[in-house]
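Below are structures written as structure tokens.
Paired with chain B in one complex and with chain C in the other, chain A is shared by the two complexes that follow.
Up next, the complex of A and B:
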């Protein structure tokens, strides 16, 4: 009990944010000094913890304070290294206990590394090894490598492959990939053929079913099993879908040829779940998935294989969209689930940043106006494709149940980034700030880092959630 | 796939109170693309009802219509099929089919839609095409014929050279649908 409290003590280092690894990434500090020091922190982290067990609570507090002031402590690792430029690793280590809380929220493996401790090259190597090298892809390791830093390899093929593995679409055993893919793709094609109902008999195309009910079928029929009635219902759904698809990703020119495919994916999904059907917002999720898989389909050998590769990408995108929406579909239809999530987020905001929460309450700016969109769309509309893809890397690398929890912290981080502006704005300006910021990849990375800090940072409601700023 | 509704002789409100309820429930917006009303609505409200179906409406003047604005006859080309519309009280002798065939040749259409007759009839003359009479949608009589008492209308599905016709009749409060497929072996005479 006491150890937990120790770890959550707010250490008086107002500028420690400056010294975090994220800031180092941004300001491109000398990584040669920083990285070995960071690695030594990870190695020594175990020893620091073991040492602490024998000390009384007051001694531990004293240690922590001394640690923060950089005066050195009985820690053998810190004592051997002195100097101003190496004060940063010590500050980093004071955050290690907190980071341990984060690491434990990820799947535990015996390969117990933390992605922040790895330099970029090492991470890339391990990623390539994991993805392309082994016979059995360790998805947990893959998830850990992709967490926050994104897919290391810049190739679109790598990202598409990673996402398929993280969604559980591809099995871990590399030998089974071909058969699984072939089976799934045929399944999708059959479903498309089944669902595109044409109530008219066409010359040359046999009606597979000689249903006696069909004899009485007519266009104005309102009967439940009428193909005509189904056809008109489908037309209505398809019209809604097409309207939304035409407005999806307007800035992305590369998406326009994919509109028809996205419409098909969404239609098949809607018909499979007649209760939920298609809801606005699913088009954005599907668009990102489809775009990434389409880009990652590799170099086509010929015109016909290009078509089939695109069809395969469409089938894969469908199943992965289905996987995401398994957990997220309730936020499109179930009012109680939506309200629960909004309440949770409002609670988090109130608990972590009371001034901002009060400001919003005064403006009558309910979390529903902005948070619901972030939650449903995975922040897709608030970042351009490059940024959105980084956020998706992060969210896909967490488990499906954890995703919803992380979304709250992403939302909180988003608010924290614009905190000063929000606090002095009225309702209309606030809404404008919270909508469609169109930020890029760097902003997305900053957002993820902030969310991680928030997840383990202690609460200090009076100064905003990111008290280090 | 184009759905064309042929309907007429409702005689609302002078002959009947309203379209039968079962027909009203079937005629909902969004399904039909074209409506051909042979005439004898009698008033504007009926025209507004057809317009509310969201389709393109063509109306010709019947002998009991209040508005004088509707044309006498119409020729419209839809999906490669030319359809002619006329109320039918202009055809003398009234019940003679040859007069209708002659008019069809005169107008140069593939399908001629006429009203004025109380029964719902679809015939195919020897030189191709179709003669469609949707009967009375409310089962009322007209100035000459006694009423058959059977409300009816016709729905056509134009598929290129095939025309699938659905005849809807309200017999003893039951909607009976008959589906017949015709091939329009076309020989239209240029006007």
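Up next, the complex of A and C:
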């Protein structure tokens, strides 16, 4: 039943895919439209062999890349032997014709493409090959690996490194890593030192005395350049931040020692962008970033190096948070940007699933009630840390523009997974389903897969966007 | 007492309540205490809006309360007013150990008045009375402010379970169509004076319990 429907869905899509294929490997965005099918096939591997008969040659090109990556899934040894060749970055783009040949000669092998069929060790090797195999890391290839699999669960160090590369914090040239990190970390430390000045401390007062402009500075000064005025303003910002930091990731004991660091990151960011300052929700984004970098800081050699490794993780988390907020801050501070995105999402829901959209309209259940939170937090409050991190892997592997678009599909997938219940429920039960059903890594994986299916599949307005599942 | 549910022949009367107030004053905690009679020291910050509903069985009728929990920091003009707009009740919460949050209630009250005029039940709630030593706002101050704005007032501790049920009884009693009901008699429940032992005493919740 499921297979038949899958094929029905697949056919019309084959056309659109064929058209986009010419430029498929040219642009990042197009590669992204190609790759999504991978994960869906990954999960539906039982149906893949049959589906393959219906596939156009052009579709098989996309398959080939995935196939190449999945090759050897039965034999970890073989996979690692083939590793270097498969992960040669340029080959993915420049040797496409050869891959086409490979693909058509061994279509059946694709059935092996399943992340769980591929031992974690092998996946880790792929990653480390991509990360450490060459003087230059091909971030596009890395992004695609992350897209298909997520970073291997237990590869904390690899994940931290991967995120830094995907955020553009680290350059592709490995030789520059050390100096880049050293410079950035010093920069952060200096910013912290500058910002955390208490005018009451002798040094501060001394500086004020020596600076003629600040001669008259005192705690009640209203002058724009008053260090005291700034100090009180800072205290208010810090208190706002602390209130939220204390209740960030409340279920996660491991996060408690990181509270102070998260507060510092958010404060430095708030001071850097005074107009936006700190907004609720940034704490959640910062927490995931910091936790991942903290976990991936490597094994400290001594107590003092443990401290400095944690300091480094904090600095790295700051810059990567700054990077993602560059595109994303508008959803914290710009009302029209938020409204636009909510409208986009509502339109997508209406187009893909009219019955559900109508149901929500009857209940007066506005998309902003739930989508605002999902959008701002990258679903962080809706999954545990392991689940959130997988979703982050996926979102970070996309371009900032594509990321916003993908959020819509993640949101739509979230709705589709609960569709039957939602259609039967009143407002309060719906809201509970939408905002209070925390889940873990396996659910996150399912959500990602469904989002990809939705992105590929044509709309089915009467039966729900995932009716063929 | 009034806890026995009678099967309501008429459809449930629904009332929308919106919870407003500064960041971290305990809006979510009050709602959670009311809904599930539990408390957690650290609820995640509410982003955007949250929604819960609960049926309250009163002596002479049953009502459904829809509770809209807002984010304290949310200041987007189009967001908050839309939640206030069709609410029957606005609950403005402050934290008795945070003076700034008390001062800001004026702003929240004005925001509600701007949207709804007098066509709304407004309640001022001073939360976290269990933290007696750190208190920055006295009961008298809270009461005075409520009188000044001609709205209801109550102090609660979501943590100790103190007066939370009383708060909702009080609201229920004031709902449109409830003026002459038996509910009105229970309003004396809410003026329980605080003292250190009552506020930290876990049985405090029972004292103010009203079987709803």
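Note that the second predicted complex is superposed on the first by the 334 of 469 C-alpha atoms of A that agree within 3 Å, B and C clash if a C-alpha of one lies under 4 Å from a C-alpha of the other, contacts with A are read in each partner's own complex, and residues count from 1 in each chain.
By definition in this document, a residue touches a chain if its C-beta (ideal position, glycine included) is under 8 Å from a C-beta of that chain, and two chains touch if they have at least 3 such contacts.
This is a predicted model, so every value here is computed, not measured.
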With the two structures laid over each other on chain A, which partner does A:218 touch: chain B (first), chain C (second), both, or neither? first
Contacts for A:340 in the overlay, against chain B (first) and chain C (second): which applies, first, second, both or neither? neither
Which one hits more chain A residues, chain B or chain C? C
Quick one: is A:191 in contact with chain B, with chain C, with both, or with neither? Answer first, second, both or neither. neither
With the two structures laid over each other on chain A, which partner does A:377 touch: chain B (first), chain C (second), both, or neither? second
Does the superposition put A:419 against chain B (first), chain C (second), both, or neither? neither
First, second, both or neither for A:244, with chain B first and chain C second: second
What is the shared patch of chain A, the residues that chain B and chain C both contact? none
Per the touch rule above, chain A residues touching chain C in the complex are 240, 243-244, 246-248, 250, 279-281, 283-284, 335, 338-339, 366, 368-370, 372-373, 376-377, 381, 427-428, 431-432, 435
In the complex, chain C residues that touch chain A: 23-24, 40-53, 66, 71-74, 76-79, 82
Chain B-touching residues of chain A, taken from the complex the two chains share: 200, 215-216, 218-220, 222, 232, 236
How about chain B: which of its residues touch chain A in the complex? 1, 3, 25-28, 30-32, 155, 157, 159, 164, 166, 168, 177, 179
